[in-house]
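In the two complexes that follow, chain A is the common piece, with chain B as its partner first and chain C second.
What follows is the complex of A and B.
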């Protein structure tokens, strides 16, 4: 009986090590500053994390499919700047679909290069990181983009509004996470993504259209980026050209922290969400503890590495690697 | 035509990282290597104003380059300008330390170097003819004065609590403004307490997150000082969302259009008016004065006055 319990606890730890690590950090921060678990604070952190989170959902698909997407940060800047500009030119009702269409085109282009031309995704998306940044600057002429009339627009709904007492960014994040989780785990497309990422050659021989699957993961990623850009634009109703700069690495950190393998073939949407929340709450927790910012940089990464270690240790059932 | 030029300029700036432009028919050739045009509106407007000022002046021809934020590229551009034997070089340092060897090289080639906007580190001063730009320490102390005056008007100068959001850590402008504010505030308002200081990295979104955390952490905040208005507006947005903006005095620096609008709305109190056009024109004028052999002070500051809700009518809305 005791053995069974131990086994089941071990099994749970192995499967949900990152969740346990997350709960441990939450408890430590809450003891350090009780305001950390204030409902306003929690909702504030999730709301700020929603932008990163929505982007991470799409990148999860790309990473499970065995590729990388380093272009999401500058693509998010692009979406934000475009939707703000179009808002004043053609109105929000047309600006939003217009921005989505333009962002999806970028995603389709990357998907074509990586999927159909089989180019290395690291090189392609690294190149697109700079190219899209240039595109954004060209589009805006380097100027900040602001909505002229901030009072009389319903556009602030996506970033600042709330429904049923829940901030809209959180709702969008939750709905998208739930939807994409279903797609990944319950649909043929989801299984194909795992298959292509796990063993591309085997997938091809099984008759899975590898190029199309990879193409679709990038389309999905750009859709998520466009959604993130929408939230970002709506949240501040104005933006710098560099708003998404550096986010690509945070997104990747969240996805990997959640346990997706950089080599493809493993990971889940739920774990990515936990990865995103860990990043968001660490930053907020350290701020509330009043740590000097230079210490925060260090501590953040110590905690992330600690979390990854806990996760791996739980999976193999011991702290050290059995292989020397 | 104008659009094509603009697009072409932005393309080269962004993709290749350097744009070249030559205009005018003059006696002096001045080369400029800028920090990172296009990364924000200030630098974009600066470049446009610089080119316009050069075009308006018949006695000067300019070579306009941009380092794209990359210090290695800036050093290479300095070397190119030395090779081209320009008469003077204006540099907007990407990094106040790393650019010094290149500045020394120009100095050794007898080309006067004028530093613009943000100064280089002190050990490089001997190779520089003049620094033209805003006095960031003064800006910081003026912001402290604006804040203190407002507290006195509200009658809370003996109990007010202030939080401080700084620019990018390690960036000279950020360090100097923070220093000016932190030194001046206790002099003018000795009983005001600064309860926290965190970086917002010149980023509105980051600054909004920092302010959200401050609002959770402290029940009582009377003033927020931000290293520029972009961050200040981020902090303001956080306070507005939490319904706590009323009763908080927001003071910034480098008055941006968004800050100006927020002042017109009555939610943002004051800032420092710093025009990129003045900045660019001052740099060109300083370079020309040096070349004409006129007496130029080593620290050639242009004035950056206080702007608050009370006197904002005297200023035009910033274009950036």
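What follows is the complex of A and C.
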């Protein structure tokens, strides 16, 4: 009997390991520095994680479908610059849908290359990372983009507003996470994403149009990027051409940390949200401990490596398994 | 024999998985120079027992003795170093590597500075391959080999050490008759070298041909051991499933409906040429031939996976072009593919989701997939096919091989197709379930389905078919009705004589 409970605890740890690690981590930091669990601090962390989080939601679909998306960072810069520029030219009410349309076009292009032309997603999106950066610079002429009249616009609502006492970025993140979680776990489309990423051949034999499913994951990803760009632009009302630089790796780290396998076929929206929060709280905890913020780049890298390692170790059943 | 020490002995082995007691105190031993069959229904625990022996799983209780020395098998490599070699049921080869690299994976011969000694590697490998009489060499990429040949690579792996015991887990499931002969020679050779052989199979005729003793497992428990010479199929079956089976030929005839599927002069490059046949509603047509005769390719063409280079496909008398599997499914065609792991299942997905995958679009309530409707389908086919799983949430990859196959069959039966094509439907399925699946096929036909059964097992084809199409090297050589077919006639027709 005693053995049985021991085993079920082990099983629970293996399944919910990421959640447990998160809680342990929170407790340790909270003891080290009580300010860490201050409600203002927590809300601050979640708010600053919202942009990363929104992007990670879309990338979760791409990764479960068996592909990568490294273009989200520079695509987010693009969205931000475009919406700020259009804001002064055609007004916010038109700027927002205009920016979404342009970003979705980029997503559709990537989806076409990866889904219909069957090009390797790593190469395609890595290439798009720099191509979109070039596009952004061309669009802006290399200048920072600013809204002329920052006082008299309702555009700051998405990044700075709050409803029912909750900051709007958190609200957007939560709603989008809830919605996409339903899409992934409850709709036929979500099921097909798992099938395509889990075993593409079996998906084909089941009559699933793989190319279309992959295409749709990139559309979804670009939609999330556009949303993140909107929050970013609205928060700062002005931006450099490089605001999203490096985010693609953090996004990927959050997704993997949440337990989605890079091989495709596994992961959930909920786990990605946990991954995003872990990343946010770790970075925040380190800041509170007095580490310079650029130490975060190194820390993020360490976290990615750890997460990938644990993912592989869980599959092979052992930590140490060198290439023969 | 009883005075000898066993090559290997397992005692009181217990192994549990969440929700499953896979092994419940099993004891088992194999003598040097003996071929010992391990039999039991799908999910009885055969593979699990062997994985414990091969160091892949650690038992919860019980002990392993090698030549009466208690031993702990901590890993497959360690088991191999102790002379216990395991040839798996599910192939586990690296497609991108050469045959030689696969065979010596983890123990490649080295030169100074840890460089791989390729010359030696290839030479050693070719020596082993020569004894197996295969048509490929050490440098061939494994991904380019047929499933049968990949199986031979697995076998070659076993021959790299001086083994004390070799475990074959359903080795013949995808071998041709000629390849089986080679395999049996290999086994006889091992036997003469005093190696203990453990042989798992659902095929009675093999068991009676090559084994000395038969041990039976049922629901994770040891049921007894019989001397092969002193027993018969009935007794073994009785021990395995607790009842008798009907192994007769199909003599049932019922009235046939109109032609559901007609194929006229269908060709696909060199894979098959000028193939013509019809299948009527209510009819089971068996396709018999050797592996590589083009039967699977015909099925894939009808299912929209290959583009024909000539000829016509007619459904209900109307010419159609099937562009994709989705198209085929919409027209009421189902295909149970031959490779369950590669083509039939998403192993990381649960049982229910796998089963309902082709029809997930039609199972919605509002925008969402309806849990209830899905579970209803799963429950229905779990009962109908007797699928052993702790519940629909179980990942398909955790099921026993035979139960995985049943999930694939359930997946396509639940589509209620007009034309059902099954490619090697009972590969890896135990005798009890096999006859259930055969009965099910007959039953479906009686209900008016048009069924094509592709099989390399003659008893199966004879048992289920109303008509048999024999193929050789991409061409239809002859057609038989169930009444006129003889075994000799069939053998001639598929050998191109």
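What we mean here is this: the second predicted complex is superposed on the first by the 283 of 324 C-alpha atoms of A that agree within 3 Å, B and C clash if a C-alpha of one lies under 4 Å from a C-alpha of the other, contacts with A are read in each partner's own complex, and residues count from 1 in each chain.
Quick note on the criterion: a contact is a pair of C-beta atoms (placed from the backbone, for glycine too) under 8 Å apart; a residue touches a chain by one contact, two chains touch by 3 or more.
Here the structure is a predicted model, which means the values were calculated and not measured.
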### Query
After the chain A overlay, clash or fit between chain B and chain C?
fit
### Task
Once the structures are superposed on A, label A:118 by its partner contacts, choosing first (chain B), second (chain C), both or neither.
neither
### Message
Just checking: does A:41 make contact with chain B only, chain C only, both, or neither of them? Give me first, second, both or neither.
### Response
first
### Message
Output check: A:205 vs chain B and chain C. Expected answer is one of first, second, both, neither. What do you get?
### Response
second
### Message
Once chain A of both complexes is superposed, is A:265 in touch with chain B (first), chain C (second), both, or neither?
### Response
second
### Message
Quick check on the superposed pair: does A:188 touch chain B, chain C, both, or neither? Answer first, second, both or neither.
### Response
second
### Query
Per the overlay, which chain contacts more chain A residues, chain B or chain C?
B
### Three-chain overlay, vertex chain A: chain B-chain C angle, C-alpha, nearest 10 degrees
140
### Message
Between chain B and chain C, once the two complexes are placed on the common chain, what is the minimum CA to CA distance in Å?
### Response
34
### Query
Once bound in the complex, which stretches of chain C touch chain A?
18, 60, 105-108, 305, 324-326, 328-329, 335, 337, 342-349, 353, 357-358, 360-361, 363-364, 367-369, 411
### Summary
In the complex, the residues of chain B that touch chain A are 6-7, 10-11, 13-15, 37-41, 43-45, 169, 196, 198-199, 203-205, 208-210, 212-214, 216-217, 230, 233-234, 237, 241-242, 256-258, 261, 320
### Query
Once bound in the complex, which stretches of chain A touch chain C?
3, 8, 11, 182, 186-188, 191-192, 194-195, 198-199, 201-209, 265-266, 324
### Task
Please give the residue numbers of chain A that touch chain B in the complex, ascending.
33, 35, 38, 40-41, 44, 48, 130-131, 133-135, 137-138, 141-144, 146, 150, 160, 232, 235-236, 238-243, 283-284, 287-288, 290, 293-294
